[in-house]
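The structures considered in this document are given below.
You will see chain A twice below: alongside chain B first, and alongside chain C after that.
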Partner chain A sequence: MGRENPAEKALGLLRRRLCDPSFVFKPFSDSPDSNYSKLKFIISSSVTEACNNSILLLGPRGSGKIAVLELVISDLLLEFPDMISVIKLSGLLHSDDNCAFKEIARQLCVEHQLLFSKMASFDDNSQFMIAMLRECGLAHKTIIFVLDEFDLFSQGKQRLLYSLLDAMQSVSSQAVVIGVSCRLDADQLLEKRVRSRFSHRKLLFLPPNKEDMQRLLENILLLPTDSTFPQDYTVQFNAKLQNILADERFKDVLNTYINTDSTVNYLLKFLFRAVSNMDLVTGFLSLENFKTALSNVQRQPKLECIKDCSILELYILVCMKKLEIKEQNSYNFNSIMKEYKTVHDSFQTSDYYAQNVCLRAFEHLLQRELISFTDSRGNNQSIEFRPVKLLVSSHELHQGLKSYRSCPAILQKLMAG
Partner chain B sequence: MPAFAKRKSSPLAAGAELRDSMDLRSENTGCSPQKRKLRTNSSPMKASSISTPMKRTSPRRSANANLNSLENGIESKICERLPKLRKSPVKCLLNDFTAKPNWNPTDAEQIRSVKKALHVSTSPLAVVCREDEQKKVLEFCKSCIEREKAGSLYVCGCPGTGKSLSMEKVKQLLLDWAQETGLEKPDVLAMNCTSLTNTSDVFSKILGKDQPRKRSYGSTSPLQLLQNLYSQKSQSSGRKMMIIITDELDYLITKDRAVLHDLFMLTTLPFSRCVLIGIANAIDLADRFLPKLQSLNCKPAVITFRAYSKDQILKILQERLTALPYTIFQPQALELCARKVAAASGDMRKALCVCRSAIEMLEAELRESSNNFNGSSIETAFFESQIDPHAAVVKKHEIDIVGIDHMAVALSKTFKSPVVDTIQSLPQHQQIILCSAVKLFRGGKKDTTIGELNKSYVEFCKSALIPPVGILELSNMCRVLNDQGLLKLGQSREEKFKRVTLKVDEADISFALQVYKYFGKNLLSKSFYADDKGLEPRKENLQRMALTLEYPTED
Partner chain C sequence: MGKEESPQITRRTTRYSSAAVLKNSVETKASDTNLPSLNDLLYGEEGKPISLDDVLSSFPGRKIQILELMHILGPVNCPMVPLFIYGGTFTGKTSITLQIFRHLNRPFVYSGCLTCYNPRILFESVLNQLLLHRKNEANGYSSAKRCERPSDFVNFLREALVSVTTSLRGNSGKSGSKKSDKRANGNMVYLIFDNLELVREWDKSSTILPFLFNLYDILKMPELGLIFISNTSPDTYYSNMGYVEPTPLYFSDYSEDDLRQIFMRNQENKKLYSSFLEVVLRPFFRITRRVDELSTAFSQLYKKYCEPLSDPGVVPNEEMKRKLFSNLQPHIPPSMNDIFKVSSQPSTKVGATKEAKWKSGTKRSGGFEAIDQLDLHMSTSAKYLLLSAFLASRNPATLDASLFDSTGGSDNRKRKRKPSEKSLEQKEAVEQDLLMRGPGTFPLERLLAIFQCITSLAEGLLEEEEQGNDGLGVQGYDNSLMSDVLLQLSSLCNANFIVKGGSCPLEGSTRYRSTICEDLALKSKQKFLGGICKSKWLENDEMEKRAETEETKEGVKQTNTCEKCGASFKKPAYLKQHTRSHSDENYKDAREPVRPDLPELAKARNPTNG
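Coming up: the complex of A and B.
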């Protein structure tokens, strides 16, 4: 095979990095103000001081809550090797109390190498959990409960939450309950008594600001300067990348992208697309990669459909628009033809086609779902008499006409006036 | 009257030693029964019945009590005492605290013991501020045991008001009392109704405690067995009384309310030997769910645990901290915490949580400063605080006791909702969606469809000169906002007809986005939506800049 192309190796490395959440969120763990350090401080102080604690992690989907939590837990497991055991529950799977207690009992059994019986009843499981909490408290082991999709646990009677939080009110147990949710008002969904037992600590995971974004991009995209890659390639690659990152146009592209969703996960998807567009021949990233990635992501299917239409089809669409503006509630093919004729008469266009050609164009539009019948039950009327409606908005139509390759000026005028 | 003479001297005892002040306080307890009588209309407390440590009423509270005790004809004395008392309760409080050394927050052992003392799970030695309620329950149980008759009691109150804690104490006191007076010790069954799989399991639990060897055979349910047992005289004479404490009683409420009813009816049977104490949150549970008992004239007595007032919270916090040999909090910080929590809910757990949060703020600040300052500056601050506590409040690098600033930060973190922060950090188009939803709902409508929202959104974008995104992106963003709890999306087959409602207050959105007011035009003001064709281009550019968060403000 010979020496592998360094570009391919670089591509593989970048893709691997983008798919690994712990790599992405590692640089945020340095600053003392970050959520990582706050979370770590709270959990480690609970472990060392042998007290109970509960905390809620809130933030939109994809902002890295679980990733940061995993980082913290893995670091703590290294720091306190035998003092922590972790139980993970998910609101999607275990929101029913029976299921939840069973799962807790099963995970506890696996942790401590005990035999788990599937036939154990709800009572048995809850007694087991309380007994294990007490035992672990005596042995100075902390149990960390991670409740993913916390808001789903608050449906129904909230028995699991109450039992967990109530067990934490006693001195003999040592537990930390971490709830992860994307709903901001997750703690308002709790019952009064459960909320009273929950300590009101919340960590907000907000989207990164500009400096953090810059740091993130550099961390992911810059190649390492150790010996995995040939030195001159690395230097060139990094220099080009820094140029791109400093470029105003790149900033525009990035801002347009982030304006719809600014979570880290969304950005990673964009970067993955851009990186995959990398030209393997030259072996460097370029601004074009990012631009194509943006246009791939922000697609407007109806717009693309309109761009593929023929001129006659565009005429039909514009006539339908005009009929709508004239406030005709329902119109069919014949009324569209009348409108078409009036347009032709007033503007003396060259695009005047016969009825059957127009009907063919009309059927094309129906097939492409740019227009549709208003009643979905097809009675025996023929196509010409059934009422139709537009499925593209006027804005989309306008934009489509503007970006059409050789749109007749008449149509634009008709749309505007 | 000697009591007042002593009280006069206490504010003037500057730098009083701890022991002296404690002696003074013990003299003051002579007047406390009067205070109790006026405030709660209960019988004055016997000194020995309930073992509580010496009550250390703060001078401020004594001053307030004196204002109320008009019956004793000491009004004139109060008026002349008042100015002298008024001027220095704070100082006296501080004197109390300066008697103890400040703590050393860098010592892990001290931090651990402080946090332990403030933890919710640590039950204090004495339950203060709930003496009346405990007394009532205790009296009730004692009379039932003495007369060997059954009875029922309903304890209600908001969460965090000390109900379960008080019941634990009462249980202990009752057993002690039974031992002292030589009566037969009653069985005590304490259970939490959330741990029952079926609501009718409560009866099998009672049966199990009462008759450990008897089991329900065949078709007789535990309830029927209990009812039979309590209706017959045969085995009743030798049986012990049983105290049943059921926590979270509202879990037993079923649709036909049978279980709750039967439970309370057990106490009305002629030969029943159980004293039932039910604990729940709803004040009117007994009225709403046990109407039939009223007609039988055996409604349970209701004892309400009111939410804690500011003074009570302060007292409880101080009680917890007295066991420690050093000062941790500035008294103003504790008072701030007590005030805020009492105003919000009166929930003691929250107060404890906030105090622990404040300690963590202090720890965080310490960690930061240990990177910046060297150790000597902390020591000098420490010494200065010993000499003059008032000046210590003002010093900025004074970080060895928890001050008001730490407490304020902890309070804001607890009581602030994350909505405003999140709205401010939303991406631009999502903010525009929220604004357009606000605009749509101004007209009095409560919900709309995604199609309408799209139109409003496009108009908004046009007037702000921002290219709008397509309807697919828009419905994706609406879904993201729905996940976060800012909007609520309904179900529909077609995307465009899904119903949208706002779940956040309009005021929150305006507040969060009010940074745009800076540019001279509030984006959400009514005039913004008027026909804006007369605007000069510069203003439009400014508005456009307002909407793009990235560009820093120039003006």
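Coming up: the complex of A and C.
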């Protein structure tokens, strides 16, 4: 690859950091009351005391539940080698009981160098799991079950959860079940027989506060002061970055972004866009990068769609809006055309086109999903007779017309009145 | 092996050839003996990597998007977060993405959800490409792995990705030693999912979509880049929430200036074409901003524009421009109204992706195009049948009697009174209702009855005109026009002019519905019946009939003979009463066919009905 210039190298490093959740959540692990410490304590105590346990990790999407859990597990694997085996399931993939047992059996086989049979039935697999649990308990090995998207496992008969938790009631087994979910009421979804076997231990993951956010930013964006980069480049880069972070304008940008969602992953998405915009010639991050990233990440899709419409399509939208104002509860293409004709008759616009042209414009709108049919089944009707509805609010339409370049004055007037 | 040369390339070519913007021809492979190698994951086979300037110049008006995309992909070996590219059709999303990969020369796997129409095919196509598997005769055209479930897919995919990335890493390690003409850059592998909006229509979309969006988090492999391409904006996926949103990149529609640049590309006589664009682009731009539709419209107009010129290479001056403009001007408005008649691509007609909409989409355009050729392709009886289907569809069955009743004018006095406000309101409501409901369905019997009326009438009038004698032809049901009606009907059904609706649960027989529009019906009517019987019937469709019944049918002799069954009566009033029984039959007891040959039976039933 030859010699890279430091800017490119720095960019690579920053991007790698942003895509690696374990790096991002590392600094939160040292304080004693962090989720990391609590989780580690619970799991390690159940490993050392050879008991069963179950925990729920709850928190909004992107708050780092899985990342913290992975950190804990990797630490524990170093601490207690050969005493822990981890089985990971995801509700998205294994919400089907049959599939889940198969996957458990597969991972157990991989873990313990056994031969996995694809043909094994549901019963075989579940018995295999219970037998393995017993064997591992006798050998004082702990099996950690990680159930991502825990709420999805509660669909259906919950046979997996039941047999897992039921097996853990016996003294001989030694397992920890960790459910991860973004639904705060995840334990309420469980059946009674499952819930009674579940310990109601929950860890709540909250979005970071202001100071944590600041620490996080510094941790991610500052370059290391060791010898990976030229000394003067690092110093200059970090000084510039500190300036930006202290800047009021940057704080404004950050606050407008975080107001919608203040989870860590959401922030990372923003930082990624900003970092990828970094100018490789100068090699430093600038305030402009963050500003463009904000406009790139926070999009208003409906407004963009309206801006993309042709004038004729705007006419159709406005006609639909007018019909809605008239409180006509359902309308279709034909009634829109009638409205369009009255608009034309009263204002003598230059944009009056034949019906088939309008129909095609109407289809474009359908394709853009600015409007949609109200009934789901087509039941053999032609497009022009099926009732439709607007998918944009009148406010959005108004905004869109205002920001539309060379929007006909009549349309604005029609919208206003 | 050359034949099966990776389906992915043909797929790319088709996507390309449809993009009017792109002029780079995609290289097809010449050598047959290539063993599958990692280079298959690169763009094309012999395609030399192109420079960024080439990419920029081949896509006018897309500079911001291209640079942004390059930024997000980043330098070699940089991990990236999942990317969501969205924008309208014909904005160059797919082609730009692929060309950038050609420029970067990095391995990628492209799978479009249009061709991979269910999860299994999608998964297998990704795996086939990753495992460098080709379907051919030797392996019975089977996929490398059989996998239907997302859970299996994740396991296979992880294996495949690990093997690909390790070999990529091995490649780059010894890149100095072996001199190769072409080598993948970096050890990242990118998965591109095109037409993602179609996934929403799949059966299991509620699990597949969150799964695809979460794929990056599930696999946790920094060497994997995910790119989703969609026609619709991210907010249209919200109903399937359950993932952290990927980072968005928006491809806006082309502006007027962009379009000008696009159309100016590859023009032989740039001056002439630019003067042409001056004239046409602005008005057309108000209708549509899609390159495909504009280019079809322009190609024809440009021919017209050039017609008066003897030498196509001439450089126009001001005066000539003015002349050409005045020459072209009359053609512009009709062409604007025709702009969508010749559709360049069937898929552009579809409003949305549902199949039902599809059907109706094609139906519509079929209707439009048929207007001109109607004369050539239809027999007279088919035309009459079409007309009667139209009438049956647009009119309620209760009005049939007054429509085809020769004594329809008898109770005119009652209706002639001034329309009160209330009745006007009612009329409006009815009109509104008709606009909303669309064409209704009708049983076969009603269609045949109306058809009979029309044919008998037309026949009679024709004879009258031709011979000038008293050929009334009221008993016209055994004439030639009635032959093979059912055959005609089925052929009309095949042509989508008439569709079979659902069968009525009470009657059990199939009901039909005509899909032709009013324009078509009017046109065909004028052509076939022109002048013979005025526009009486069709005015009825516009629901003005009740007010206008005083306009007696010209050319129809007043006779007290029923047109359906041939029964004759002393007074018009009896006949009217009788005719009503026919229309009632249609929903009271439609299984019983109209029996024109048994007048006595009809008479016998008459008192009970009346």
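One rule holds in what follows: the second predicted complex is superposed on the first by the 297 of 417 C-alpha atoms of A that agree within 3 Å, B and C clash if a C-alpha of one lies under 4 Å from a C-alpha of the other, contacts with A are read in each partner's own complex, and residues count from 1 in each chain.
Rule of thumb we're sticking to: a residue touches a chain if its C-beta (ideal position, glycine included) is under 8 Å from a C-beta of that chain, and two chains touch if they have at least 3 such contacts.
The model shown is predicted, which means the values in this text are computed figures rather than measured ones.
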{"item": "Touching partner for A:K240 - first (chain B), second (chain C), both, neither", "value": "neither"}
{"item": "Contacts of A:L206 with chain B and chain C, given as first, second, both or neither", "value": "first"}
{"item": "Which superposed partner A:N52 touches (first chain B, second chain C, both, neither)", "value": "first"}
{"item": "Partner chain(s) touched by A:R134 [first = chain B, second = chain C, both, neither]", "value": "neither"}
{"item": "Touching partner for A:P301 - first (chain B), second (chain C), both, neither", "value": "both"}
{"item": "In the superposition, chain B vs chain C on chain A residues touched", "value": "C"}
{"item": "Touched partner set for A:R215, first chain B, second chain C, both or neither", "value": "neither"}
{"item": "Contacts of A:Y331 with chain B and chain C, given as first, second, both or neither", "value": "second"}
{"item": "First, second, both or neither for A:C19, with chain B first and chain C second", "value": "second"}
{"item": "Partner chain in contact with A:K291 - chain B first, chain C second, else both or neither", "value": "neither"}
{"item": "Chain C-contacting residues of chain A that also contact chain B", "value": "61, 301-302"}
{"item": "Chain A residues within the chain C interface of the complex", "value": "1, 8, 11-12, 15-16, 18-20, 61-62, 66, 90, 92-96, 99, 103, 106, 149, 265-266, 268-269, 272-273, 276-277, 296-297, 299, 301-302, 304-305, 307-312, 330-332, 334-335, 338, 351, 353-357, 359-364, 366-369, 372-373, 377-387"}
{"item": "Chain A contact footprint on chain B (complex, rising order)", "value": "108, 111-112, 115-116, 119-123, 158-160, 192, 194-195, 197, 248, 251, 281, 347, 349-350, 353, 356-357, 360, 364, 367-368, 413-415, 417-419, 421-422, 425-430, 454, 458, 468-473, 476-477, 480, 483-486, 503, 548, 550"}
{"item": "In the complex with chain A, residue positions of chain C that touch it", "value": "68, 71-72, 74-81, 86, 88-89, 149-151, 154-155, 172, 207, 210-211, 214, 217-218, 222, 231-236, 242-245, 247-250, 252-253, 285-290, 293, 336-337, 339-341, 349-352, 354-357, 359-361, 363-364, 368, 432, 435-439, 499, 501-502, 513, 515, 519"}
{"item": "Residues of chain A defined as touching chain B within the complex", "value": "32, 41-42, 45, 48-49, 51-52, 58, 60-61, 121-123, 126, 151, 157, 159, 162-163, 166, 168-171, 182-186, 192-193, 195-197, 199-202, 204, 206-207, 210, 251, 255, 258-262, 298, 300-303, 393, 395-396"}
